[in-house]
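Mind having a look at this structure? Questions to follow.
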């Protein structure tokens, strides 16, 4: 029995977070900024460290003296939890440090509430990963939802934000009930809700499938899987940027964790068609997300849709893993699973970085609308550089991290042939194609995102006043950017750390084969089948660049003139004539027209005040949600009729009820 | 002995306040009396938990862990409500809604109402229980019609007639039970004593008992507010003074459900089938679903929370109907947390409506801005009642839903729909009330929010940690009512 | 990895850099001939580069560092791409670092950078070009990957070396799936290298131009690097095509005797490829920009079809 | 001897049912009240007979109580009320009388064969009366539904009380005394409260017509 275990450290930092949050209620403004958020970041660092340690260590469990009488809170720290805790901690460090600078000019009342909710949010997410019984899991889960709801509605005097918050909490709650039911199926019936007993419970294939689908629905609601995604593009932009970063980067992953936990850990065995369902849903989600991201004109909405896309990709990975595991191709399952987890980790860093970046832009310019931004690379060069890293990473370009996970996933696809199901073999190449399409579109989106915000000329006067980020923001962003780069350059190490998780879930690992030719070269199965070495690639390019630079410097006189850009002989070029965000999305809108509900009002040539308005609406809203709302309306109208106001009618109800019951027992 | 005190103090209080109820110190006297009641009840509780069930006055009174827990709850909520009603009623008087006589009536009836409920809980005699329930109806009728407005009169009238008729059915049921029992226990008093009935329940005539249960269920069910017998409930809650709404929701419904449970025990014993349970599950489910859809049309805040009470009573009935240790435990936990939460909500709502000068929700805005305590009280209370962890309501709903999912899966889609709809309905409205820009004037007296946060604190505690003795207590009770 | 392999790698690196403009020149020359023009001669691209390298660079006022860095990145990336395709011999020590997927990634990287650079100045032309380039790109990229996948499913590998070895040195099999892939690949090649019918390298007509619109603001050395990079890109694509579809004659690992033959073979193939490319360009007409998605979509579908056929027929 | 009593009680039971029907069909408030008083009388007499026949002495008290309360006090209160409120108008019903009667007959049949199995096991000499009691309860329920004014509704309520009481005495030789007292008290208090109510309703709506009290509803 060693003196201190990872679980102790984790528990300590979770308690620390809660204490900090409560402290925020009483601390003065300066103290919140100067002490509490840094301390929170430190705790996050501790979490990351402990999780890293736990990835190597054997699983631990603990029982708290809290909870229901038969059911004290059970904690369980296995490698799966550890991996996601690592994700949580590592990302949070950057975000918390960033927040120190970001919230600097917020008034005390708001700030202290925000501090409370922020740290409880963190603690709740950590507990979600640690929970080992249904009750604690649900408590943590809903606390997470609740605190994030309050974070989203931080400036609640804006009606849209209130609406967004409500939508979010509603979807979250319905999802939570579904999760609850899924646990209800798995519990033995003797009121024992620990995960341990759920693992032992043997379900018939029907009930197992019900459980899986309930889990997919419940967690999908949190993850933003089609068609439960509607809250996401509303809520994420509404929140303050660090919060958006946490929700997109970390909270969505809790749903991934939940699906993995239920599918692989709690339900011992899978059925192959579950995988197909997940795969299809994932692809639809990914394509949908990236398509809508391409046509957004609000930078945070754009990022939110891109989150939907990435969740879709992750779900695809899960689907593959399930399929393979169901067919007992554990090596392939391990590959797909590793790709999935890797992508989850990457997305946490990339999306965190980007959302924080947009936060800084918002802070500096007060503008979220892409149509007003532009040219910030001159005003905010440091930010521009850091965000560039994030954009390239999320566009899935080598040698950064986004590419590695997509590469692994594609490998999993390519190695799939030879599944017993023939039409699965048909489906999978098409799926691969769709996935690649999504990834390529992500590139389009990111060029739009970065180009419109940072490049070109400012589209609005007030942008000129923008100031670059302060030191805290820079540290936070740099942390995340470094994460993106390192995760991209040293995949073998990452995979070696993911291995214990794969071992736990599918009983097979990648590391042995992945590292067989040394840490430099990533070879998932065999060197001659596939190999990729981002570091080498990076070095070659670097060498190439420097060589070229050197050569040019050597042989070239290096004279340089500055002048105005070429105006094509048209003298009065203004910044307004640049391509707008909407214009940039136009080709996509045209190609995938039938997926968008497009509303446009175009001015006639004779308008005195020509005004153009265009928006692309989410078809699913009209196709799914409005009908549900209307149905509820009509039903409640019908029910409302019963409350008729006439006492005779009421008496008649009682009378009829009585007679009916009497007749019934007769 | 404690029993006598528990009953005597509110009775005396009622008589005293009938005399001095209009004086300036009357609210304090009222609170003092409730405090006395609470102390006596606490003593009684301690004794029962330590010594087990007791009977008194040659078995006319009987206390086991099931009803003592309701006694304690009743006394507690009675106390906090009286504390809340001090400033509330003063403000009402200040707004000129109440005359001195009305105030006197209010205070006296408040105590008598407490008395009748405690009597209904403590008595061992099903007949007396019926009498007490009827008396509780009468007292609350006066309380509901306190303001003498057309609306309140109409509400009170409906309340009186519907519950009177319902209760009459319950009496018929009681007669039938007696009719079945006297063959075994002989005519005279004993045949209605629950302890004796319980001892011979296995031999009671099944057909009679099933008939009796129908009448009892319809009778007491009317007071529980089970759909479609619930129609009096929203009116009474919305039109009466807020403290009364609080005790109606928090206590009266529980007591009625208690009566149903007592009869269920007998019937189960006699029939040995799940007949009673099935009926209760049916009614419960119907109430939950109907209430949810009613909820999404509400404009009046108190009315809305009244419907939410219907929903939750339905949930409890459903849980008790399912039976089994977990579900019954959950049902009783839900009784506790619902009373606490709902009364807390009504406290907050009371002051909110006084601030806004209306009960219409679209005219209540930005509470968090004007008075953060009321606002947060309302938000947290609503989230708790909507079954958000880490509050106790979630704990019970957790057990209910999981058990239902395992035992009666077909019911869960209804529950899912109902809970979802109810959430959307309530939360969307609460959100607009507490957030956003503000309206509303200052209150002439400082609002009493200690009760709110005491209740919510307890509910939070029950969500995270149920003290062992409480658990033991619940389990004993659950074992008693199967 | 042996010293000989390292030498071979260095040799290929230098070779590609040097012959890239030559291929471009050859294609242009063929086009000139096909259009009954005498043409500027195959060495014209070298002259252009030299000229550009002597000019003074003119830079727009609000050009950012990104704008100036891009040509170098572009050049390095394309150079890497061209250098890693095993087109002479299959034991390139650096080739395992980049498999086909990574290769596509590198092309994407270059594309993103040039588009960003194009948007940097903030003229309407630049952004327009960038948009069109990305439009072409996001459709071409999957198509290219599908082509590669078809090949790599045949060879059970995504590493270029293994693919080439399988296709070149296993016993000869006819792969109908590869035929589809080949057609798709050619279409992608045309699109990606800004050739007719997708783009026209030899006009500056704003209605149609894509690549030229992006590099409108570049001058002198930057422009030279960009042009050179696109020449390298063309070479890279051509060699990839060769490696995939006519791999015969590529020397096996360690087989030094085969090298000269391989070199000759390479030059023959390149010549043929360049000529046929020119032919293709001449006989087809530039299409409207909005038709491009259909064109690329066709390529994409063909590639997927090839893959499906591979699964279906196992051939 | 006993079966004579039995016949007597059955006779009274039949009388009770008859009165219930009469009330159901009665249009005038005054005569409703008289019918109610008469019903109380029948009730107390039958109770007395049961007491005599089965020498259950406490039943005498309840008979006396019934006499006092239901024959004297309540009718007296009601009379005073309607005089003070001068509401001697005819009672228009929701449905026309014949329909109501038909429904009533159906109810009686229903109640009878509901009570049939139970009456078999009734140990008292008064088997069969349980069905009648139940029938009269249901009938007064029906009456409450069909009457559109406040006062008749209350009378229906009291009549229901009577039916219950009859069930108690006939089927079970009466409830324990304490319970009966409690019930009587409740009825009395209830009646008072109702009396107060009538005046309040009257002064608020200046009518006792229930159609003024249909404001509270879901629109």
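Quick notes
Order as written gives the chain letters A, B, C and D; numbering starts at 1 within each chain.
Going forward, contacts are C-beta pairs under 8 Å (C-beta built on N, C-alpha and C of every residue); 3 or more make two chains touch, one makes a residue touch a chain.
Please read all numbers here as calculations on a predicted model, not as lab measurements.
The fewest steps needed to get from chain B to chain C, moving only between touching chains, is 2. Averaging the CA coordinates per chain and comparing them to the mean over all protein CA atoms picks out A as nearest.
Seen from the Cα centre of chain B, the chain whose own Cα centre is farthest off is C.
Ranked by number of C-beta pairs in contact, the top chain pair is A-C. Centroid to centroid, with C-alpha atoms defining each point, chain A and chain B lie 44 Å apart.
Distance between chain centres (mean CA atoms), chain B to chain D: 31 Å. Taking the mean of the C-alpha atoms as each chain's centre, chain A and chain D sit 70 Å apart.
Each chain gets one centre point, the mean of its Cα atoms, and the points for chain A and chain C are 35 Å apart. Annotation for chain A: residues touching 2 or more other chains are 640, 642-643, 647, 651, 658, 662. Residue positions 157-158, 161, 165, 211, 234, 294, 297 of chain B each touch two or more of the other chains.
Shown for chain D are the residues in touch with two or more other chains, namely 114, 141, 144, 153, 213-216, 218.
Here the chains touching each other pair up as A-B, A-C, A-D, B-D. Looking at the complex, you find that chain D touches chain B at residues 56, 114, 117-118, 121-123, 130, 134, 137, 141, 144, 150, 153, 157, 160-161, 164, 167-168, 171-173, 175-176, 178-179, 182-183, 185-186, 189-190, 193-194, 197, 200-201, 204-205, 213-216, 218.
On the side of chain B, the complex with chain A involves touching residues 157-158, 161-162, 165-166, 169, 210-211, 214-215, 217-218, 222, 228-229, 231-232, 234, 275, 279, 290, 293-297, 325-326, 368, 383, 386, 388-390, 394-395, 398-399, 401-407, 409, 412, 415-416, 419-421, 423-424, 427-428, 431-432, 435-437, 463-466, 468, 471, 474-475. Note for the complex: chain A touches chain B at residues 65-69, 134-135, 138-143, 146, 153, 156-157, 159, 162, 165-166, 169-170, 173-174, 177-178, 180-181, 183-185, 187, 189, 191, 193, 632-633, 635-640, 642-643, 647, 650-651, 653-654, 657-658, 661-662, 665. Within the complex formed with chain C, the residues of chain A that make contact are 374-375, 377-378, 381, 384, 388, 392, 395-398, 403, 407, 410-411, 414, 417, 425-426, 429-430, 432-433, 436-437, 439-441, 443-444, 446-448, 450-452, 455-457, 521, 527-533, 536-537, 540-545, 547-549, 552, 555-557, 559-568, 573, 575, 577-579, 583-584, 586-588, 590-591.
For chain A in complex with chain D, the touching residues are 640-648, 651-652, 655, 658-659, 662-663, 666.
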